[in-house]
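Next, two complexes with subunit A in common: one pairs it with subunit B, the other with subunit C.
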Partner chain A sequence: MKQFFSSRAVRRFTRNRLALVGLFFVAAVGLTALLADVIAPYNPLAMDFDALLSPPSATHPMGTDVLGRDLLSRVLYGSRYALLIGMGVVVLQMVLGGILGLVAGFAGGVVDGLIMRAVDIVWSIPGLVLALALAGALGGGIGVMIIAIAVTGWGQFTRLLRGQVLSLRELDYVTAAYALGASRTRILFRHVLPNTLGPVVVYTTLEMPAAILSSAALSFLGVGAQPPIPEWGALIADGRGLISFAWWVSTFPGLAIMITALGFNFVGDGLRDVLDPRFERRI
Partner chain B sequence: MKKGIVLLVLMGLLGVVLGATAQTQRPMVTAFQEEPDFLDPHRTTRFHSLVVLSYVVEPLLDMDPSFQPVPLLARSFEWSEDKLTLVFHLKQGVLFHTGQEMTSRDVKASYERYFRLSPLENYLGPKYNGITEIQTPDPYTVIFKFATPKPLALYHIADAHASIMPADWLATMPDEEVGVKGLVGTGPYRFDRWIRGDRIVMKRFAAYNHAPDYISNPGPAHAEELVMRIIPEAATRLAEILAGNIDYTFDVPLMGYQQLVANPNLQVYMAPTYSVQYLVCNMKRELFNDRRIRLAIAHAINKEEVVKGAWFGIAFPLYGLVGPGTTGYWKGVEEIAYAYDPEKSVAYLEQAGWTAVDRDGVRMKDGKRLELTLISFSNVDQWRRAAEVVQAQLAKVGIKVNLALAEVGATYDRARAADYDLGIFRNTWWMGEPYLTFLTHSVNIGSSNFGQWKNETIDTLLDLSSNALDDVLRRDAFVVAQAIVVESAVWIPLAVNVNVVAARRDVGGLDELFSHPWQPPLMRALVLYKR
Partner chain C sequence: MLVPTLIGVTAIVFSLMHVSGDPIRLLFGPNVSEEKVLEKRAELGLDKPIHVQYWNWLTRVVQGDLGLSIHVQDRVATLILARIGPTLELTILALILTVVIAIPIGIISAMRPYTIVDNVSRFVALFWVSMPYFWLGIMLMMVFGLRLRLLPISGRGGPLWTVDGLRSALLPVLTLGLPPIALFTRLTRSAMLEVINEEYIRTARSKGVHEVIVVVRHALRNALIPVVTLLGLRLPWLFGGAVITETVFAWPGMGRLLVNAVMERDYPVVQGIVLVIALLTVLANLVVDFAYTLIDPRIRYG
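Let's look at the complex of A and B:
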């Protein structure tokens, strides 16, 4: 982990313009989520029946939706749900997939075989279809959506962690720890796990936008956030029938998703470049 | 030179003839928002199924624009003095699409199947002391013997659910395959094919010639082929209408109404319907046994806002559970309906002990929040929006509503299991008495009485309104039943739909179609044509 915060790493990261742009986007979305109460001009749930589907104007910079709610306020509040879902999914995947990956890599043999076959099974089912089925069966809602997306994506973390452990466990310092009489658990958590975190952090930043996009897709399909939660996917779904004459209802939430996903992807690419020496020359 | 002119004239004439032929052969294309479940008149409970199958099969009677039963497959009918015998004389020469003539034997077989299978049959059959025997003394006479007088029998017989199909064909078809693998009737169109998720195709039945007198065209239909496209997505449907790919549709996406009206290539017609939307409290929840809670909810609902927000203003506020387009409607409900009055709503809640308010603005009593679950349909924008508007309105008086929106089947499953606090539903029927019975009679708890409430007075009044021989008593009982339903605040009427039809400019017959209060499918089949 230390390599992340070394001045050399920071220098390399800051020399990557796209990564900086990504960081700016991510920071903006994060701040928006934190300060939505303060910066949103209206209550995102307040309906104005005299201003249904108002186009963008000085009063409503992003216009209003079909129930006269200020779209800017809804998009700003929506950032909270996007980050909550993204982080919730990634944390769940990381915990579930990470533990299984560590165990598979370290134990090997039958345990490894069983865990990896389980990963193969989950991977053989299209992620969105499985998430859709799960969310539909469990009744929708933000919590259910987080679980449904996490259940479909933990295999990535398992593979990543397993690969890391398989290479790390053969290194001299692990052999030395064995020789000094350290237990397997101590070696796993004290010596192996900390050295896997670099790739995990990179992968996490890349998985965040995927989770946000999946949640938007589920909400768009009607099994995600329930109204009146201003989740971005649900906002796009609200406007899908109106696109020919009220373009703003879907467009602005769509842009918000795009900016957030791009931001995390750029940051993830930047971190990967910092960590992977093969990319050093290009920076 | 002369030869050239003659040739040109001949070519011109040929062009005209070919053009005319091409025009008559062009199918009439309509669009539906929902796909039918199946097209069996005796089994379906879905509105879109009933509309589609009504092009193919017909009942003995029909309803004219003044709500009077008129002969359709029957030529005439007469009651015995004691009202226990009803004799139908059938039209002669009416053919099924198989080419076989319709006779009394077919009527008997169809009615027996209807009584055996229909989930909606709650009046005419032997189970309800209605028709206990069907006699067929000759091929063109059917005699219905009743156990008790059924004054509304003619209206029920005019319902397309009681349509006639050939006895021989029914005998060869398993029940579950009727309306799935095929459908045979006497209607102006014969069923051709059904491509699931895409379209239903029908062909004109050239031998059709027995439409009731109120329809100018006795038959056959003008268009040789009818294509019913299934387009659930509102935006796609709107785009198809605007592009001129749909000749006419009753399933107009309301959000595009202004666009449609402004389009010079389209004609748009509007008329009130008998389809009503209402909010209902589940009386199996102990909370609602306190009438003050129900009154608080009723007074918190602003119907004008619901109409504006959910139906883009293209609907009317509804005051009783029976709408103005339905037989037996009592206008007095407009006087007794609970008006929007949030202060009164708050007062009722406080009287009921919900005085404390938590930091989210939700009322509390004995440490419990006033939090309710509202179910409705996620796949229809109007209902989803209506649920959101109701949620916002109840939040203003301190009632937190959690929406549980799901597709139609899942929502109905949950409703039948009484697993909800509040629900928003739609129902459609032009005949008031069976309709209110369907929604509020205690025999329908667990099926269509989503109030889940048994009220003996309502039951008695509804029984009277359906069965009393005295017309005045029957009408009065129905009026009082409507009043009690409104006053109970178990059912809170929200809005009555408007039928909006968008059609291409070259579609004719719409004026005649809209001379009938609910533009029945039989009229749609016979009067609409392409210029």
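Let's look at the complex of A and C:
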């Protein structure tokens, strides 16, 4: 963590213009989520039968939907769902995958073999397909969807942490700690875990947009957030049948998803340059 | 290597049915007598221990029997066979598009690193991976189908070798193919940058070998290994994308069948499709493993 706040890292991050733009996007979406009550001009669930499907105008900057609800307000409130769902997925994945990765790396042998085999197995079923089938089987809804995405996508964290542990435990300072009589638990929590933080922070930031996109896709397909919840994927699904006469209903929620995902991707890309120069460049 | 993976995958697919609740209740709905349930349970072997059930199911699956659909009076295998062609059509075309576009652009931006072309392609790549592509599909549909009236907005116009078939496939293939193109352009670039400064490249150049031959025969061949690896890892993602793309464009493939089956809780069909997609993924990864040996003769599988 110390490394994270050292001025050199911060300087390198702030020199990256794309990363700063990303930070701005993320901050804007975060503030929107916090202040949705204050800044939304209308109640996102209030219907107005005198203004059904009215195009973007001064009174409704993003227009209204098929029930006359103000789309801007719905999109603003949607940021709460996107961020909370995304965080829920990433935290679950991190806990589940992280623990398995730490165990695999530290235990080695048969345990390691079994855990990594499990990763391979889950990976050979496309995540979205399995999450869709699982969320559908469990009856859909936001909570179910979060669980479905998390249990199909923890493998990356397992690989990451296992790799970290394997390389860190060979380092001299760990050997020294052993020689001084430190217990395995102490070494794991005091010496190894804190040093995995850099890559974990990078990976978590990059996993956030992936989680937001997957959850929007599942809601779009109908197994995630249910109406009248103004979740972005569900909003796009609402507008899908209307594109020939009401382009705005699907367009704006999609832009919101894109700005959010773009923000996290830019920040993650910038953090990777700063925190983990050895990390394989995915892009 | 392959066998444990297959056992694990089939176990996951098998358990999907049980996660979704009592299969008998799914089959008959809520209004059914207790005797009927017990009778049917014995008939289908659902009263046996779970590992016996799994084994029986697996034996049938290996023989190509995926069971019966709950909602449509048809065999799951028949339903899937009718839909698998259009899905493969989309995914394979998207894959070809990716390779044909991404690798040349990747090479060009590696030859001119940190120039405007390179920076623009980095930005565009991050941009595309942030795009929800069900939304991208709808936007393409709106612009090219409804505004410009250039292309049909949904459905499959016929076989690919007909004009209608090609026209109707264009938007779905673009929707599925554009995000991976962005990704692979960047990957090809970084893989090329890694090899282009190697000594053997300098040697080849100093011998007076033509630049095109240096790039294609000496550099690209070595750069291709990580590209092919990621291509294999990304294939499952393409099948996931196909589920969404088919739903958006009303494309009559497996993905749309899957979404409908999930909605109708027709779990034998869901199981069948997830299994077929998983098998296709495993198969694709095998192909990738063999592709390694073609690119790099030093890699041999025993």
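The rule is simple: the second predicted complex is superposed on the first by the 276 of 283 C-alpha atoms of A that agree within 3 Å, B and C clash if a C-alpha of one lies under 4 Å from a C-alpha of the other, contacts with A are read in each partner's own complex, and residues count from 1 in each chain.
We adopt the following convention: contacts are C-beta pairs under 8 Å (C-beta built on N, C-alpha and C of every residue); 3 or more make two chains touch, one makes a residue touch a chain.
Values in this document were obtained by computation on a predicted structure and should not be read as measured data.
Undergrad: Could you let me know whether more residues of subunit A are touched by subunit B or by subunit C?
TA: C
Undergrad: By the touch definition at the top of the document, which applies to A:47: first (subunit B), second (subunit C), both, or neither?
TA: After superposing on A, A:47 lies in contact with subunit B but is clear of subunit C.
Undergrad: By the touch definition at the top of the document, which applies to A:66: first (subunit B), second (subunit C), both, or neither?
TA: first
Undergrad: Considering only the touch criterion stated at the top, classify A:226 as touching first (subunit B), second (subunit C), both, or neither.
TA: It touches subunit B, and subunit C stays clear.
Undergrad: In the superposed arrangement, does A:265 touch subunit B (first), subunit C (second), both or neither?
TA: second
Undergrad: Contacts for A:244 in the overlay, against subunit B (first) and subunit C (second): which applies, first, second, both or neither?
TA: both
Undergrad: Figure out whether A:134 sits in contact with subunit B (first) or subunit C (second), or with both, or with neither.
TA: second
Undergrad: Given the touch rule stated above, what does A:124 touch, subunit B (first), subunit C (second), both, or neither?
TA: Only subunit C; A:124 stays clear of subunit B.
Undergrad: Which holds for A:79: it touches subunit B only (first), subunit C only (second), both, or neither?
TA: neither
Undergrad: What is the shared patch of subunit A, the residues that subunit B and subunit C both contact?
TA: 222, 240, 243-244
Undergrad: Which subunit A residues qualify as touching subunit B in the complex?
TA: Listed in rising order, the residues are 45, 47, 49, 52, 66-68, 139-140, 222, 226-228, 240-246.
Undergrad: Note which residues of subunit B are touching subunit A in the complex, please.
TA: Listed in rising order, the residues are 233-235, 238-239, 242, 253, 255-256, 258-259, 305, 308-309, 312, 378-379, 381, 384-385, 387-389, 391-392, 395, 402-407.
Undergrad: Where on subunit A does subunit C make contact in their complex?
TA: By the definition above, subunit A touches subunit C via 18, 117-118, 120-130, 132-134, 136-138, 209, 213, 216-217, 220-223, 233, 236, 239-240, 243-244, 247, 250-251, 253-254, 257-258, 261-262, 265-266, 269, 281-283.
Undergrad: Taking the complex as given, what residues does subunit C use to touch subunit A?
TA: Those residues of subunit C that touch subunit A are 4-5, 8-9, 12-13, 16, 19-21, 122-123, 125-127, 129-132, 134-136, 138-139, 141-142, 146, 183, 186-187, 190, 236-237, 239-241, 243-244, 247-248, 258-259, 262-263, 265, 267, 270, 273-274, 277-278, 281-282, 285.
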